[in-house]
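Below is one structure, written out as structure tokens; the observations come after it.
Each chain gets a letter, A, B, C and D, in the order it is written, and its residues are counted from 1.
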């Protein structure tokens, strides 16, 4: 039992001390059993406080410290490292949360908050008294990474990881890499083309022999723990063999009798059963959509060696040290009738307009009619007052404005109306907005409570909007196209969420641990997030996050070994009578029967144990416990919380 | 210990520089960080709380600063400047000038005894002149290294500090020191400058005491607040009716800064929320052109401010005038949404939401080659879409606001990207 | 022992000239400090009240009062006047 | 503090939360300055399926008026059947409580996700109200008012 404990109560520069009387807390706990030193500090996490703690520990021969400050999610490791640097074991430290769960939550009741702080700190002291030093479990790690999602973010992360020497598996669900970027044509702000950028990335990828590309591949299961994960993937057959010379693909595609909606062009065009998303899609090999194929045999006739319709779905097991999820976004799909969508054929989305621009030759035409006037309606599916998407989708203002600039360059006669709420061309993107104003684009601001109305009049689209900038004058436009500037929603990848158990936030995007401290990490150690799966982003921002994730992954795996938290189960061999209940409830096969001196008892494999504790309540003889959460520690905390405040 | 050869030189000890250095150090690279101020921390450490989570800036910044300072792979030189960088084969020869602090960092304990006895008073640059500081001083309570520095320009050489220092740390014999060292890669994390509000004379900053800039307000709201309360700089009165003027020095061709500064909308909304907590009775009005709440959780944060009762008025502020008797201010603005026309409103405190300007002055350190800048004087990204940290100079990378306006989350991500690109670059040298 | 403790000062005095202006400013600040202390000797006051006694512009008084507060000479009482000003008093008066 | 005691102490609630899911949800409530009774105390464990019924019973016997398990629900990073296991723990604790003459409704569980700040606060307010009523009723029927 610890007898020389140091206690530090943090002001957090007012965050705590504005509501909790920290000096009273200090005075109330300084005479607790085992406490030899109690202090307050303005910022416990500051360098000078850390130094002070270290010298206190050494000078006063402390055997453990309690810091009452913010949530352990923020600074548990900071203070564990303080303990360690002073020669203690990192687990001879207890953090007490008197900010998030006290001063802030009870800022309305300072007196009660102070009493709660005293009880919480006392509980922390009792816990520390019972704490045992724990040694981390060092394991060796697999020096490979799986990048899930082969869009621009995933491709870029793969290249960076390969350059640091790791083995990379780039896993893409579709038969072609590139994600959504090739759908866009020219991108802001450099006007480089999306498909060309993907080509560039692809060429870099195939230069590196430590990147393995898996297209048409989905993750089936995910297990193991940080450093050594097991992935099971399912590879759909492409039915087209790679490495076979065949110059007839174009002819085959032409001759294929099947026609289905082309998903790459948002159903604006049709594609065949043998297809590529676009001409220079990679890998440069068509795929066969077997479900829609009529098995007419034309393709095999023209190029007998290139096809193999006996290909079967393959399953593969991969071992990786870490995973980066770059699963991307889906464009918001307006509901039927939202601003006339799918009811009035003059109403399309911005994504569709970009495809139309890419596919059209000569003048811009829609349904056979030349387009001269376009009305863009902003914030469709974003910033919703009611509805799921309360967030701003970040890229759409600039994307719409950039589109209108491209249109003007190609078709100088086109007039654009922008029906907006706030123009969010942040940073240097502002210049695009200025250019758009300069070229004569018309901006009309609408109130979130009075959005524009698209009326359908004998196949005409009449847009009515009350313009806030001209005293709510109702303005009526009759454009040839109404373009809904739709936002980003998380890709419908509930399977990925389920398989990787990565939590999502209020906006349903993957949740990072902390937007500033750990923006690409998730609560699952070794599973990183990047790109638009984490939240709306433009290309540069997606690449920034995917490179960040690559950096964090490399830091994690570069040393070849990893220290795991020693929070694992342990068995009291005296008490254990081996009934097998604990082994049965354990999902990780971490408990086995062992014969010790003629007695059968349960033994924990620490490398497999995750420390969930599911085995604890099922043990009739109370022989199994979790390190760091032992009976004595928890009971001590309960006692500390209940005793009267003197 | 100090060496003559490092893998990476990081110029700038703000949040982006720290994040880059820590990432690289965690990967096993040896890093040297150069910071021109006496403490690392940059601008972030001076802030109150940060949007959209309202974490206190110190709570996020101090542990990172402390980790940077003690990481075995990072050497920090504060109060130092890079004077030249010259490419020699695959490496760079770097010259560094370490200014004398006249205080021995190895002996100073940060007890502030010297500060308590120094008779001099000059404007405190870390509080933007809202209060004074001594000629010998510790920059701020969360400074790292937490050692004193003597501002020799303002020192009257009375010798009190040397007499009272219990650690005998004062040393007036210090001279500027020059170091030459070799590195394989350079990261520019040189940050930004605040737009000087005096360049909009029609807003009266510097002339009317109750017109302040947002950085000053952030100081008033921070845990190390110089007034220990939010009161007017004119007379110490608790304000009741505060106005924010967004886009001060941003989106403004007349001052030569046509771009948007990306952070001002959000920090103003943040301050408004904090003010509503500090002064529950105060009215707060934000004059804006567009509210740019674009990042994760930002829009929700904006709506929250509206729900709390912050008034948002779409209007361009043309002029601010003072009422002599009360020190109150008349804000004249073009009402863009209401009944239109030019309107006037009286406020007892006005905060100018100043934008970012590029931190120039790093270009001249490169010998025999030119670092390319964009038209707004930020470091130009050579491949903005696919390799955002690359500059036109091979082996030279940029992180944080060196390449353009960014908020803290974006600066952190860009630092992450820079460290990844540096790591790959150094590996490619082998 | 003080002679021993000033040895590095002598060194810099030889090569660094102190401007008369700085010395003057320092004297000025000490005077202001004393004037503020005098104004507060009769009890806690708000900044406008201190300014009236000192006969200095309000903004200068605010700066100097706040600076003296930072240096630990004075502190706020925690009371607020009817017209929304904090009261300041000499430290350790309570 | 005297004054409050005369009106009857507000019920003390022990919350078991989990490191990666429900505790961040409770933190978020504080971050958003959402208020709940200050007599709520939290002990954090790795997973709600590892809570020992002994602890629950001990807490009730020693003076907590209620025990609330903020479970991970379907978000649990350890196991999919976490909710079922946790429910089993609650049931067996309730049975043991009943045997000992402790009202089983003093033990409660609900899933609290990492962003469920609002629902946590509501749970605490409701649970606190329910416990208060329970206390009043027992005091009336038992005829003994311990807190006065």
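The rule we apply is simple: a contact is a pair of C-beta atoms (placed from the backbone, for glycine too) under 8 Å apart; a residue touches a chain by one contact, two chains touch by 3 or more.
This structure is a prediction, so every number in the text was calculated from the model and none was measured.
When chain centres are taken as C-alpha averages, the shortest distance to the whole-protein C-alpha average belongs to A. By number of C-beta pairs in contact, A-B leads over the other of B-C and A-B. Computed centre separation for the pair subunit A/subunit B is 29 angstrom, with centres defined by C-alpha atoms. One inter-chain figure worth recording: subunit A and subunit C are separated by 53 Å, centre to centre, where each centre is the mean of the chain's CA atoms.
Separating the CA-averaged centres of subunit B and subunit D is a span of 45 Å.
Shared interface positions of subunit B, defined as residues touching 2 or more other chains, are 53.
The set of subunit A residues that touch two or more partner chains comprises 505-506. Of all residues in subunit D, those touching 2 or more other chains are 31, listed in ascending order.
Only residues 1, 12, 14, 20-21, 23-24, 26-31, 33-36, 38-39, 41-47, 49-55, 58-59, 62-64, 75-79, 85, 88-89, 92, 113-115 of subunit D touch subunit A when the two sit together in their complex. Residue ranges on subunit A touching subunit D, taken from their complex, read 71-73, 97, 99-109, 111-113, 115-116, 119-120, 123, 501, 503, 505-506, 511, 523-524, 567, 585, 587, 610-617, 622, 626, 629, 631, 634-635, 637-639, 641-642.
Considering their complex, residues 102, 116, 119-122, 130-133, 152, 154-157, 159, 162-163, 165, 168, 170-173, 209, 226-229, 231-238, 240, 327 of subunit B touch subunit C.
Residues of subunit C touching subunit B in their complex: 2, 5-6, 8-9, 11-13, 16, 18, 22-23, 25-26, 29-30, 46-48, 51, 58-59, 62-67, 69-72, 76, 80, 83-86. Here subunit B touches subunit A in the complex through residues 23, 26-28, 50, 52-53, 55-56, 58-60, 62-67, 69-70, 110, 141-142, 144-146, 222-224, 251, 258-262, 290-300, 303, 314, 336-340, 374, 376, 384-389, 404-406, 408-410, 412-417, 419-421, 423-424, 427-428, going by the rule given at the top.
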